[in-house]
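Pasting a structure below so you can have a look.
Residue numbering begins at 1 within each chain, and the chains themselves are lettered A, B, C, D, E, F and G in the order written.
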């Protein structure tokens, strides 16, 4: 069973697969939190977490496939992903929406 | 002269930061992975010596990434931080000390 | 570059009117100048195509099918010309009819953008590019729907957008799947690639998605809801422009794609088109019969008349196609004029609701005659263009032995006459039931109306050149050899 | 895999849109948009992790199909424009009509009297 | 949003994001990126200013009316197209005035021309339109809040 | 050797990411979950970036992962702060063990000893 | 002015009489729409000449009359314009040789007639009558169009003359019954034949000159003209007989019986017009030379006396103030000119020698006697003619004799401009009756020849010796006198019967109700105004279309892919997020879940090498979140919609349909022509290594140009939507 296909082999490929598997599990955990909430800020934390995992995934994937170009995406995402968190926080503060449970 | 000094302190700060980050991550891992989660969170307010927005910000962000603490809010006069300590129990003093005697001086050495 | 100007001109005009956002006067001048330039570009293109046959241009110099090709056969060129003409007339109308939204933010750039999308759609030879121009047109129409900001406009916009967005996403998906199945996007190239593959689910499925998308754009049964829900809420000028061109782009796309890329004669598509057309005719005209406001009546009639055009396509004969094309141009002129007249009626009576207005035959004989000309043309009476349109479709139906369709052509014609008479009886003959005080009215605003009425009369009386042109346009579509040659993909390319 | 995702997205999107509420409609629209993009992407066939960048020197081999990617880029940006408008429209029509149920918006097509 | 931390970090991050946007725009022809992504990044930078320091500050930072920026962008792209069209007869043909093949193979000079102009146009359009929409949304919502017109505001 | 080292870094990076995930899943209130997400997540990212730097064959290839890490530690605490503030202002529920000291009234949090609850 | 013009035309046509009588036919053709084989062709033969004379002659007199009748009315100009347009249409109709030319003028008469019937448009009754006349004649008109087109395509010619020349061919074709029925429908509606006859009496809402011109002399005879015109090609069959004779006979009887019931003189005349039209149609249906001859003479005679009567009744109306004869009496002395005109015309109508009406009646009996169904036909004719005698007596005697009674204090003749028309027309009836041979030779003979292709049998004459026809004439007069004597009793009986008889108008009313109510019902169901219904219908249509493709096409399904764990995780992410969107109760829950979907989709893009797409997707996602987070501050979620199984079914069918279609696409072989070209040319020719970007800005830069236009427009549209109404209403 492979987690992601890798360009090379050896110990590093194994590590990549292991890491990817852990990333996938973390992703699922974050998605679970995203779905069940229960509060708005919980969901936002979860989504923030998903964004961070995406950045990590991009790096891992760049190494796995020896495709350096993915790092650009990781850089940009790392720089701006928090903006959606900012927007959500703003939203929550503006609405004080406790119906968001 | 002062620039070099500041750079030196900045480097020290960076190293110390990396160390703190590692420590805090391990601490979190311990909490998360222990079968019975041992959390005794406490909101702690911390008066700051920092004055400039940059100083406050750096301190606040540092706090967030270091063991057990998380900056939740800054008072409107920018003189007090509200932090959330994951395992402080009933004891505010140590977390407060960690900031006012640990983090803040180190940051201020760079900025001042 | 001949083919580029009809796109570049409205795009430039849109940019300039946008940059001139602070000055309404400058926007008006630019907008009208843009329309005139578009008309000039359309005229040059049409003349060239008439003289030399289909024209093509490879965008960026990349040969088909790799780059995007713009193509104008007679049908496209004539449509671009008509777009220019309608642009000039409606924009002029908007300038001289006071209070017609021209001063609101976005009106002029959006109008120019609408023209941009329409011309782009008519001229492109690439399926995905067609999607892009559809979007240009769609989003511009979205904007125009809400300019002015009356409450019912928002309601109308929700329905218009709600349904058109579904159609547009369907279009996108259809293009994607078709690319997956055929590996190309150039319509002429698709013609060659798909030859003999119409039985494949992949090809057919994409056809169905496109059929839905264009059908919805054309306001064909059963996906026409957006049109009667929205047209009557627009400003008069904009509604006339919409009535002239919006649905036509859908019909154009149906004709283009289901003759060039697909074959409208293939079994499931043929009967779907036929029944879609016939049911549109019937349901649309019934809807019109049920309404009491002029523009709502007219909007439902559009659905019905789109049905005629699609029926012409579905018959899958040269004559049927010529009928569809002739009908399309006839409808551009007449329906937009009736929308303008609805505005003139509102100016003079204070409303478009037939229950509350009247007395125009006595008070405004000139307007009455202009209405009568357009209404009778719409109802398909000689010697107006509507008669020839109906005659062509009728004859094509009879020739194809589609007697149910022929019956529908006639019965729907009767009901169309009925609604036009209803408007005439209530708005023109009946005495005004309320306060018949003269409201504002602009004589200048009747100039485009008179011009369009003159066109439907003159083109009906001197019918030959237009019917001949429709026949030629249909011939170019039925046998796309010259189209393919202009694009530069040849039959040898295909395996 | 992509085909199933597209189907699920379409089903969920269309179901949400049919609810006739402004926000679910909007959410459905976003899902359908994603479905359309994925459909194009899948139709161009999938090539694992070979971005369509011409490497220096060597001749390119089996890169991912670039055309669908360009098309999707276009579609994403267009979809974004449409989404913005729809969002603004939803907001404004709620303000103007006072309801989020599309069925209750009857200003343009009022119920017939009598 | 009236957060000291956010405001301060914004001052640091916005120049970074803008620099990255320009970098990605210019490099897009040969690596991932281009006008769209550059424009989106730019817009995100202004969105960040708007969030941190408010609408007025963001408008001020942008200097031009957003839709003017967008209009100029579209105009630039159109001109890029007309350039090739008027010079060579093919609308949108790539024009490389400072870039020429050398006899022994390869190219020499600066790879700038109509294609770059086009990409810059794309970038400006994205930047202008997105910020324009955001600003207008923000205005509408704030006004609804002030006037209490919005029934959802309790 | 460097392969082994990089592999180790990589796997520990993945481990911390997983920890962050589990933390977000397991911990009782939004503040605690943020501890996990921010610290462990950043750590995970840092380690993965480090692994990449270890394997880099050029300066650019070293700088870029570092930039990723740098941007992340610049932005993650800001996000955390804002969520925390939003949670605070929307009075998000906290785990019952949570206490607060006397200085927090300014932030609308009544002083409270954990033993009281 | 128009009167003078028509007079000149009349003289010109009259000048052509000898030429045509000599057996010549004048043709004039102009190209009109050669690509369809349609020309603007006119043809002057006996039939069209006679009609042309009626149209121009009576037209001139009516115009003169109308000018005087409406002298003080501001609407006179309009009336004359409309009458002129009508005259032109009518003239074109009778002269046309081309089928489409004919139809053009046919519809021209319909429309001008509509406008003339509704001339008193402020009265709702006039509007209703105009609409009715229009609807009924348009039903016929549309049927006629179909019939004509079928006829033209069957015979390959658009010319009446050529079609008539190949008549047998047409009758042999399979389309013949359809053609005949359609053409007959046109003729019978236009000429107000049972069951379409009721529109004609209702059309009496028109001003009197209009009724005289359109509804007695000319337009209503257009149907008759059409039948006559096409009888060489369409006539002579059993179907022809069965269509025309019963309808004509029934109209004849209905018209003559109900004429006696009326008190409004004009209305009474309208019913007698029905009688005459019915008789003519019946005779044409019988189709023998004798019957056709009779029909033609009857047509001429009727045109003359009926127009005269209408105009004279108008004089009574003007002079005495009403047309209701119970309110009138003794006008003969007060209005001698009117009396004279009415008396002359009525005598012709009663078929008294030596008026043309007498000649006609003799011929009618003669024709009926030698036709199919002779006994029944003759009896019907006898009865209706007798009723005509009674009606003629009624119109001439009741208002004119006895003590002077009228609403106006001192009724007197209007001036000569009004009197000239009726006097001339009535006089012409007498003159023609006095010179039957000349009329027969110059006018009727060529008419009959044009219709039957055979020369008229015998001459016209007042005296053909003692024969059965004369006997029947005498019987007619006797029976007529008897009926007139018992007029009031008959009227009472009719009044009593009226309520119990079926109303022929019923089908029209029912049709209108069906149109109005049916359209409302259908529209209320389809265009319900409910967006959920619209959307459900749209998605259901889409699903159905896709399933048509899936079920009717053939496909090679792709092999199942082997999924790596990461792919599974991504799929789970997407599906779980979708589920979260579906069950989200709050706005925030829904948006964050959408973010999850977006992230999953971006990961798919990443996995398969679409870096640019993934970046764009993520950045757009962030911007969307920012927008939504702003907008949703002011936009509530509303309560959660309840589960709709129908909608769920549609959604599932659609989703499955899309999946299957997509799978079928994946089952085809990918044609990588374009891709290979882009890979090869990207760096070499377009100087860029990022193929996606090169496609965007170069290979397919035109797409991108349109796309950024979309974005600009979206910006404008969105801002417009946000500002529209807000700023204006606030100030």
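As a convention for this text, a contact is a pair of C-beta atoms (placed from the backbone, for glycine too) under 8 Å apart; a residue touches a chain by one contact, two chains touch by 3 or more.
Here the structure is a predicted model, which is why all the values come from computation and not from measurement.
Asker: Strictly by the touch rule at the top, which chains does chain B share as contacts with chain D?
Answerer: E
Asker: Compute the centre of every chain as the mean of its C-alpha atoms, then state which one is farthest from the centre of chain C.
Answerer: Result for max centroid distance from chain C is chain B.
Asker: Give the identifier of the chain nearest to the protein's overall CA centre, each chain being represented by its own CA mean.
Answerer: That would be chain C.
Asker: Most remote chain relative to chain A, going by C-alpha centroids?
Answerer: Between chain A and every other chain, the largest centroid distance is to G.
Asker: In angstrom, rounded to a whole number, how far apart do the mean CA points of chain F and chain G lie?
Answerer: One centre to the other, that is 80 Å.
Asker: Return the distance between the CA-based centres of chain C and chain D, expressed in whole Å.
Answerer: Computed from C-alpha means, the inter-chain centre distance equals 26 Å.
Asker: Distance-wise, how many Å sit between the C-alpha centres of chain C and chain E, to the nearest whole number?
Answerer: 35
Asker: Just curious, how far off is chain B from chain A if you go by their C-alpha centres, in Å?
Answerer: Taking the mean C-alpha position of each chain, the two centres sit 25 Å apart.
Asker: Mark out which residues of chain B touch at least two other chains, giving numbers and ranges.
Answerer: As it turns out, chain B has residues touching two or more other chains at 60-61, 71.
Asker: Provide the list of chain G residues touching at least two other chains, using ranges where the numbers run on.
Answerer: 520, 524, 527, 529, 531, 535, 539, 587, 607, 609, 611-612, 615-616, 619-620, 622-623, 626-627, 630-637, 658, 662, 665-666, 670, 672, 674, 678, 689-690, 692, 696, 698, 700-705, 707-719, 721-726
Asker: Counting only residues that touch at least 2 other chains, which ones in chain D make the list?
Answerer: Within chain D, the residues that touch at least two other chains are 14, 17, 22, 35, 39, 41-45, 48-51, 53, 67, 71, 73-74, 77-78, 81-82, 84-85, 87-92, 95-96, 102, 105-106, 109.
Asker: Applying that definition of touch, give me each pair of chains that meets it.
Answerer: Per the contact definition above, the touching pairs are A-D, A-E, A-F, A-G, B-E, B-F, C-D, C-E, C-G, D-E, D-G, E-F, E-G.
Asker: Enumerate the contact residues on chain A facing chain D in the complex.
Answerer: Those residues of chain A that touch chain D are 5, 61, 64-65, 67, 69-70.
Asker: Provide the residue numbers of chain B that touch chain F in the complex, in ascending order.
Answerer: 18, 21-22, 24-25, 28-29, 31-33, 37, 39-47, 60-65, 68, 70-73, 75, 80, 82, 84, 86, 88-90, 92
Asker: Please give the residue numbers of chain C that touch chain G in the complex, ascending.
Answerer: Touching chain G: residues 11, 14, 18, 59-60, 62, 65-68, 70, 104-106, 109-110, 113, 116-117, 120, 124, 126, 128-129, 132-133, 135-136, 139-140, 142-143, 146-151, 153-154, 157-159, 162-163, 166-167, 170, 173, 177, 180-185, 193, 199-209, 211-212, 216, 222-223, 225-226, 228-229, 267-268, 272, 283, 285-291, 300, 361-362, 365, 376, 381-383, 387-388, 391-392, 394-395, 398-399, 406, 410-411, 413-415, 417-418, 421, 425, 428-431, 463-464, 467-468, 471 of chain C.
Asker: Which of the residues in chain F come into contact with chain E in the complex?
Answerer: 71, 74-75, 77-78, 81-82, 85
Asker: Which chain A residues qualify as touching chain G in the complex?
Answerer: 1-5, 20-21, 24-25, 27-28, 31-32, 34-35, 37, 40, 43-44, 46-47, 50-51, 54, 57-58, 61, 67, 69-70, 72-73, 76-77, 80-81, 83-84, 87-88, 90-92, 94-95, 97, 99-101
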